[in-house]
């Protein structure tokens, strides 16, 4: 049987969608499962505030509903996991959020998680999600690289900041596994892991991996709408 | 100075808005503060799913922005606290959610909170909020009365079910303070408190009270959008 | 109906009572509710140890009992919340502690609380209260200004130390809302909020606001003595 | 060197002091350490409310100070641990509370603690202490035997109720170790352990044991008063 | 590249190994990854006590070391996750425990986990693991089917008991996702999910899925031995 | 009655056993209880990894079984508490782990525990134990002195490093009680306590003290093997 995992980039920047798509190549090796990456046209250029997060929920639900027949699982590829619980009402197919999957996968590789965020303003928002997920005590800390969009294009600068922030998480805050708190940073994973000598998780890859399993096994989530 | 607290009913049912408005009468006594209750026209008739919750966030933000100059504080009058954090980006005026305020106020009157929900399907959603707020260990339990909208109109039935559920929360689950998990149930507060002999909180009243204080003192929340 | 909220300064220093009284002015605007501030003559000059805390409990209970008929609610205006639970046995009127109310109110304005203490020796005592209240995970940290009584009179020095300590709580420890851990520091609230750009809570004002609501709504606490 | 552990019964009922004294016999075997049991004359006949708890703190501190030179350690023999932290300011000798020691000792014998209380009204008060101590997640539950003082004299009735309550804690609530939540119930320990086949802790004995060790090793607590 | 995931059955019963092997068929579809299931000859017939758990650690480490060159990842297929942390010192390849992976995967499908154990005696041992993993607050409960080995062979009896226990976890204890607390029960997953209408996780499949991802991405765990 | 507490050094270095034996002298004063210290010949020279921990479990169980008739209680004298739960299946006599007892005893002397480890690599392993015990929120931090075996013999160097690390735990991380995270460091306890002015716990002494009590009172643990 052919299976198709729909990966949604909830911001409208197609370059990010392309990055996400590249990140999945490592998981595309002859699995008989196709990843299809979609850009949410209605999304903001980047998701940087709670309003951005909430603004994508309804169009994302509509996108999920329109692809429901074609998909065996969905991945929401933004570290704020926007609309994760609403999406699980829009379909009974598994819906994986990359923050949830990245953090939970990290717990299989280490005891205390360090998160590398892009912007400091996202940290309290992420903290609310971690508390709602119930794993905040396993998070050693979250630090931001504090780079604007244009600087992220510079691999040397970005790699330098990620290394610096990662080292503080490991050396000063006790993290023994790192999660990159943003979709599409997969290109830095290997180098960072080698430099810092701790496991480093790309959350999109972690979620995509869990989506393959969920798709293969045919997990079905309970229809919340019906029991309400 | 005259102050105005805008209380938003995020569902579109004006009868609920009227109930909310009545609940506030007890706090209207010559305070020099006006409560103005608005119905969110774009909202669903009732907020019963996560999709309902998320669907009201953006129109609610616009409503808040359009009243920002007239208001000294805002109250979101739905026990799912829809869009609370996005609302706090839409204005620097205090924004109070009735679930947050009801639960926190309960902690000043007892040690372990029991919550009376309308529908069982809301309980996991509420649980996520309680975890995000960090007080889940203080919640002894949440039980639903399981009444449809039409039955809620029957005061005898409703009072009977609330009493039964409240007693289970107190006697079996150890609650020593109750929170009614729905806007506009204020009419039952006094009777329930008397029958069960534990303090009972109407969350809309709790939030309105905190809004008065916040309005008087001129609290200003940090502009998340700017620091992101 | 006329209502009277009795605010008890459990130390015997009348200048502190006067400060507390001033802090309440912002909440006195035509509410039809009178605040009456009492000094506990039997209290120590300042409450700086656990023995001080415990020494005021019984005389404070007697003071509450002697004013019970006149009061609609009580506020205990010391950040150690001395005798809070015994007071709730001495009257069925609501009894609000300023630490409890300050901390809980902070949770409506931010995600992680920073507390500015006067003396380092109080911090473990406050930590026990926060744990008993169940919100210790929401407290980013507590730091002391470390000023003696005579220095507190110097507004420049005090404001300087509060700013310095507040900045460490925000910048280094991740607090996004501050609570001033002492009664009668209300005069610094506005300036500190402006300087640090985070919400700042005066706990006495927070408790007084919750007392107004509790008084208006006629909350009654369970008589612990009877059920024991 | 001869050492003397002062065990304080903070209620004024000398029969309880005698029970406590008997409970210690099992630990008196040729240890070179004397237990001396004192009755707090100023205490109430029984400690059943928070006011009772708080009322004994100051006279108990005075009692401790007056015996400080004669004692190598102190035990406060009431399951509410009244005045424990104030007592630790009154002396630098170790002060052990029986609730603290009973619960902590239980964690060396099982994973989840069940507590057998005398009166239901004490349970919320005990819960506050457990939270302040930080071990509430290890407590499977606390249930009361609900016997009045006169019935406690009837060993058959008391043993029957303790067995029934203990069985519910073990079978229904998952406890694998029990703590008797009252001073001087040591006489039931062996029988209850045998009947229920789980370890049963008498908290006075647990505290007395820790006091012997603390006394032998010369632990000294920090003088809180000095650092404040 | 061809990859090989070694799945270890740490008990010596080859019929269980065969069950585990069958459970993996759903994940074997053309992925280019081979699962190889090994029986730990030195293991006990079943792992039912803490001694059983600990007895397999060292031979299992030796088995891992002897296959390290051939493997891209390891799975330990026993719900007690025996020797998980020691195994992570024996190899830098990812080592997945089925309890960890089953529980973490469950958090992507529901909010509160119910666990179906085989034997009641395992529940405290599992609870220690859940606490060490830090997710005990997300576990609604664990209940045992209480069947002996011979009865497990009877599918009707087993399915009946699993259904009964699962229903109690969902209806009475609030679970919205179930984890089967034993390796090789995969054959019941689909039926149980359909009957109870909640997602049901087979932990071996969950771990195998995470192992595929870890293998594909080349995660490397830190060498604990070297940093000690 | 004569009682004998068997104290097991699970590493094979007899000099450590001798240190442990010396540490117990302070508790040997005419108690009628003999401490007998045994070296586990099968153990590694030092326990520095999880594999070391797990490798001693089975021979240690056999050692316990072979001495069961002679012993009234057992102490496992390694701060990793190796095989604690398996040991409790090997005998119904009380088995005390020094980490458990040291940490729990610390909670009777302070509010927040600082742990002084030997090697940084042990800290995550200890953290797992603390989480499994449920007291991780009471641990302010753990820091390593980072000394090799040969340097530990130099009392000046060791005392210097312990003082430095202890001071950081107290001054920077808020610890008000310290636990030495290694067996046989008792010789430094008094000096460290005097220098840092906080209580300092030697975990072997703490466990030995609890073993005396458990032995005197005849605690019996449940036979896990039987209920499984």
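Structural remarks
For reference, chains read A, B, C, D, E and F in written order, and residue numbers begin at 1 within each chain.
Here, a contact is a pair of C-beta atoms (placed from the backbone, for glycine too) under 8 Å apart; a residue touches a chain by one contact, two chains touch by 3 or more.
Keep in mind that this is a model prediction, so the values were computed, not measured.
Shared residue numbers account for under half of those found at the interface formed by chain A and chain F, and the copies are therefore classed as meeting with different residues.
Each chain gets a centre from the mean of its Cα atoms; the one farthest from the centre of chain C is E. For the pairs D-F and C-D, the larger set of C-beta contacts lies at D-F.
Each chain gets a centre from the mean of its Cα atoms; for chain A and chain E, those two points are 25 Å apart. Chain D and chain E have Cα centroids separated by 42 Å.
Chain D has its Cα centroid 51 Å from the Cα centroid of chain A. Annotation for chain D: residues 124, 128, 131, 133-134, 137, 176 touch two or more other chains. Working note: touching chain pairs come out as A-B, A-C, A-E, A-F, B-C, B-D, B-E, C-D, C-F, D-E, D-F, E-F.
Contact residues on chain C toward chain F in their complex (touch as defined above): 123-124, 127-128, 131, 136-137. Residues 48-51, 53-55, 57-58, 61, 83, 85-86, 88-90, 119-122, 124-125, 128-129, 131-134, 224-225, 227-228 of chain D are the ones touching chain C in the complex. Considering their complex, residues 111-112, 137, 174, 176 of chain A touch chain F.
Of all residues in chain B, only 26-27, 29-32, 94, 96-97, 100-101, 104-105, 107-110, 133-135, 137-138, 176, 189-190, 193, 197-199, 201-202, 205-206, 208-210, 212-214, 216-222 touch chain C in the complex they form.
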